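Each of the next two complexes has chain A plus one more chain, namely chain B in the first and chain C in the second.
This part shows the complex of A and B:
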């Protein structure tokens, strides 16, 4: 009598497991032949552009993608060369990167961390991307940065403003060109003091998530340091669309300034609601009531329409700057697409060129070589003036713009006017500043 | 006291939007028995009727202004709306300024047609299917509609301001003897509340005082018997679907100055409006209206700072908490009819 329990299905399963076991060492052997993840072996190199193509920030993502495509053109020697002509580093020759033609793939972050990670993962694993760039949310940036660190590719962040991206969540493989919430506070505070006085009482409405909290913390700290008092800080749900019930009590609170720590649709709606309540026409504590929007974007300014007139805020860059880098980029972008670029487009363009330049200077696509080339790198000619990529946290340090809603715009594009270019010294902080404490950069991961 | 009055006022305009959407949802459910998850999309389409009319009225010719330059340094092309060059700057400008109220006239035929086409083209095929199927197909339709709108209008909110005459706010506090600025309320929100009141009264009057409305009410009570009397109740119900779509659309048109419309504004209201319908009582028109205002005001109260200090996050869940309490104590909802959704 046979006691064998082996069935046909069991045999198949065993065979499959055994087959996978036999194949596994081959997979490792194959990948370990490369020195680092996705080492380009042919005549091309692939970059991954991970931007919101659907969802609420789709227009912002579309603008980023236009700039990224323009950067690829310039890197490959097509078009007018844009900022390659003004960039202080002359390593890029318009013949691709390290002689390899630049190709790109795109992913859709949907402004959701899990979707952004999935699209970045797909571009790294299926398309062989050596670098991921783009995005318009700090949540997405932190999530994708973590993924790139694990996968062994470089992450050149797009629009991400939370302190944490280069604070507690910083990673060796991640780099941020965009400014952050601390810098917004440091740049805005002196202008606010000069325009509104040092005896002001501020009421904060803050989007209830990581970015909102860090921005509120930064603006409260910088305004209180110059003498302002914070009357109240109220958290508003990210999903809120009507802010009237949060704005209505402001005038009765003893405050004379409303700070809107909101971005995107939240900002458009809260500012629109504040204007409906006629706050800017009111007098509180014997002073004209004021509104501040610490983080501006051109696309949001367009959404808010006339409501932004006279309202102060800060930006990473604006097309109205007059330096050579800005002029070259605006001309190139404007002639190709018929409109000036947004500051999220500019940061993605600059990041793509900075990555390519770092590869050229390092002589390799190896992430560790790129990290070394970018750390402590000082450059100019990309539109933000002299800039440092600080080695300690991979944050760019450069001038910050304080802007105001234009009272008399002449076109849909000059809805904001530059009030001041705050010098970099004023927005620089120590790497161990409490707002950036926690987490460690770690060491670069080449993957493979 | 002033803070309470302030939040009651704040709740009224949002409650008005909830009430108008819930009214349409209840009309459709009561007549056709369809759970229409695309109703929020109808609200959104109404809002984009206002955006579209505003864009049509501002179609412009380009005039070169040699004294100014554009962002590339070329002579600036200034856009002058045709309507201003035809009717003069003041009258043409006034027409553009009043584009949102004018959009009511623009939206009514469009929304009636959209409602009619939606009912005849898709929803009528799902009358005899389970509610789950109806929810799936109408939810899918809502997603399709919002993606179509996003394709043509982009993802960003589009500012659609109220006429200049209605900008600013009214100081209720000063009128009631409180301090200045204690209770302020924007003029347009008052207009919205009054508009909602007129629409709601109009729908009730239509159902109550016209023969058509009487037949519809009879059909809502007993569709089969009305059919046996030789009345084509289906055709009347199709018209009611169009009417419900128009109500949602007009609610959307007038809401545009309150919040700049974007493609997913319908979804923002949809779930809450369903809660309103359930709380009011499935199939009850007065219930939907009462629950709309009740929940709008409760939501405003829950966002008061001292309440949020006691229960953090209450502003995000208050409507659902109230719905749970009401459904536990009164499963039919506030004014629900016996037998509706109870089998």
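This part shows the complex of A and C:
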């Protein structure tokens, strides 16, 4: 069937075509003249909002998107200005960023690293976005952060709680406002000791991926430091929906506290299973059985309904705080969408304003200028109290909230009550802390 | 030319011209117009078109020729990506060793998985390949991916990434300005691109795209040769009636295994190329949905045809990346000329089919193709061609043979 009768002429033709094919791409090696990636030249500047619109964290993503749209409105001087009025930096005038009107594009991360990178890439390459914001998973945050570093744009992380994001996977172009697993452990441990005593025996169920691992590591370390004993740590698949088979062994393990290192749908299901086994009514080692959920969110609390009553956990921010920044944000969010914002929404809103403010103060959209403006930046008035963007790892340091499932909620939205506002000193750690060691920021990359 | 007959040569030339001029063809709308939303000529998506084209061409060698429906081909894609990223981490940022290793490693996996799976045919074969792929996925996702353990091959859910302290024996760990070096082909940076402005249009030419496109053309050429070879004929015979071949005393298993390994290596090549364009390998690349996607691509384009899988891959990637980005704001922008109530209504009707609902559109298109064009997009093309030919012919007939009686 094959007819390979190579002639001299045929050979020459083949060679010429192949040669031309190989030579072709070398024409395009010259780099373009722009000073940095996607330098905005017109009257507008484009931001990319990359959030999960499908998949297990879709609810969080939808809420983030609402907050991001609100932030764009406020930056462009529409609406009531929100936190622009309470923000300690007064660089933002409500006339866009550096006089350019803010526009945005949206994308779906699907809570998958690959899809998130594809979506972010199209925002950068096609739509000319200078900053990517959003995301509801640490895996995605780390992946997109790496991409932004390579492409030369700024990444303002959304909800990402793993230590790695500003630990071993930190990048010069990436910034995180949200708190992390270490901070959750440091904030929760004293409250747990006070409420449950120092001689508890804990059993961990952990979502089997990087966030779960760092969460488990952090909470084990901080509870053991105050005298608790860890009976067992069990990894559960992220895709699991029924946790009965993981809950059953807890009863006979000699443990008297169950720690659920789960988030989103996982947490709703595992907590529901635990309640079905009536764990909270049990008595083990002569003490009442307790459940702890280190990372809480309003959307999870709503999903778990009655089951979260009395369960302790930690949060980055809650709409029930009473400072001016929170009030201003909750007011404009509530008036526009008819519900209070979640803490993932708040972190995306704050990140968008912080980016815009950094551009104003730097006088440029150049990522290196923005990085310089954000590093070591101290601010207030965005809802979390006085906050520092630490230069060494691009992590925000601020107070952390310890919350409890509300025993007597009066509305569908006050499902959580604030137990304690852990001061920032207590959750601060050295940049070379073992849980965060192993990575390097590198240098800022302006691309192009 | 190239040892092909005239028809195949022209097909290869058409594909070559289309891929070389893709930056123009895919950007038909001026940058500032409302229709720019539908432009697909940006480097990342063009790279995806050709890379998934390679994946689908390889899948078609197995499915199109032998009829064995593998539901686990994404495993090889992922294995190829991981191999390539490891090459970038350990050896150098040149893409050649990375691509070679990814093809070899995925080939080895294909030998093992194929040897076991091909003991059965039909639905059992599909299930076996699916099981193997899910095993690979779960291994990559958690067992081999725990950063705390000493055998962290895949870095779990985060995906395998390049770091500043990777050894890179034949290259540098970090560039002079403290960033991770870029994947390149003897100095030609894969992410390098050049944008040319022509009036209101802008076209971007990416080095990575042209490298992938040339590799795609080579793969396409090899696929044509496989299709036209005695080996390919044997594979078709397997599809027709494997029992009859066995009764004549022919052992078909070496042929099917060879086809399986070749298509596995194609998938590995595609995976390796993906890592070359964007040096990250994530476990979800191996998930069963990704395996299903390549089946969709092949069937949508036309299984068993040469060009079909490439068209299918393009169609699906286009929808995934373009339709998914049309949000309500964009829709309101388009229909703002309508009166308020009507505008909201139109947006409400279209909303479920775009943005996060792009899967729905894909599903409808897929159903339409399977029902009305069982041969895929290629059959659609052929029907149109036939229609034109027939009309032409009947015109000619009408002109010439008017008086003649049938």
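In the analysis below, the second predicted complex is superposed on the first by the 417 of 448 C-alpha atoms of A that agree within 3 Å, B and C clash if a C-alpha of one lies under 4 Å from a C-alpha of the other, contacts with A are read in each partner's own complex, and residues count from 1 in each chain.
Everything below uses one rule, namely that contacts are C-beta pairs under 8 Å (C-beta built on N, C-alpha and C of every residue); 3 or more make two chains touch, one makes a residue touch a chain.
Remember, it's a predicted structure, so these values are computed and weren't measured experimentally.
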item: Partner chain(s) touched by A:40 [first = chain B, second = chain C, both, neither]; value: neither
item: Touched partner set for A:147, first chain B, second chain C, both or neither; value: second
item: Which superposed partner A:197 touches (first chain B, second chain C, both, neither); value: neither
item: First (chain B), second (chain C), both or neither touched by A:248; value: first
item: Touched partner set for A:409, first chain B, second chain C, both or neither; value: neither
item: Touched partner set for A:237, first chain B, second chain C, both or neither; value: both
item: Partner chain(s) touched by A:107 [first = chain B, second = chain C, both, neither]; value: second
item: Between chain B and chain C, more extensive residue contact with chain A; value: C
item: Shared contact residues on chain A - chain B and chain C; value: 54, 58, 235, 237
item: Chain A-facing residues of chain C, complex; value: 1-5, 20, 39, 42-45, 48, 138, 141-142, 146-148, 155-159, 161-165, 174, 177-180, 182, 188-189, 191-195, 204-207, 210-211, 214, 217, 225, 228-230, 232-233, 278, 280, 282, 284-285, 320-321, 324-325, 327, 329, 355-356
item: Chain A partner contacts - residues on chain B that touch it in the complex; value: 2-3, 6-7, 9-11, 13-14, 68, 70-72, 76, 78, 150, 154-159, 161, 167-169, 179, 181-182, 184-186, 188-189, 257-260, 262, 264-265, 268, 299-300, 303-305, 308, 315-316
item: Contacting residues of chain A [partner chain B, same complex]; value: 54-59, 232, 234-235, 237, 239, 241-242, 244-246, 248-249, 251-252, 265, 268-269, 272-273, 276-278, 281-282, 284, 299-300, 302-307, 319-320, 330-331, 334-335, 339-340, 410-411, 413-414
item: Touching residues (chain side chain A, partner chain C) in the complex; value: 1-6, 10, 13-14, 21-22, 24-32, 53-54, 58, 105-108, 112-115, 117-119, 121-122, 125-126, 138-139, 142-143, 146-147, 149-151, 164, 168-169, 172, 208-210, 213, 217, 235, 237-238, 439-440, 442-443, 445
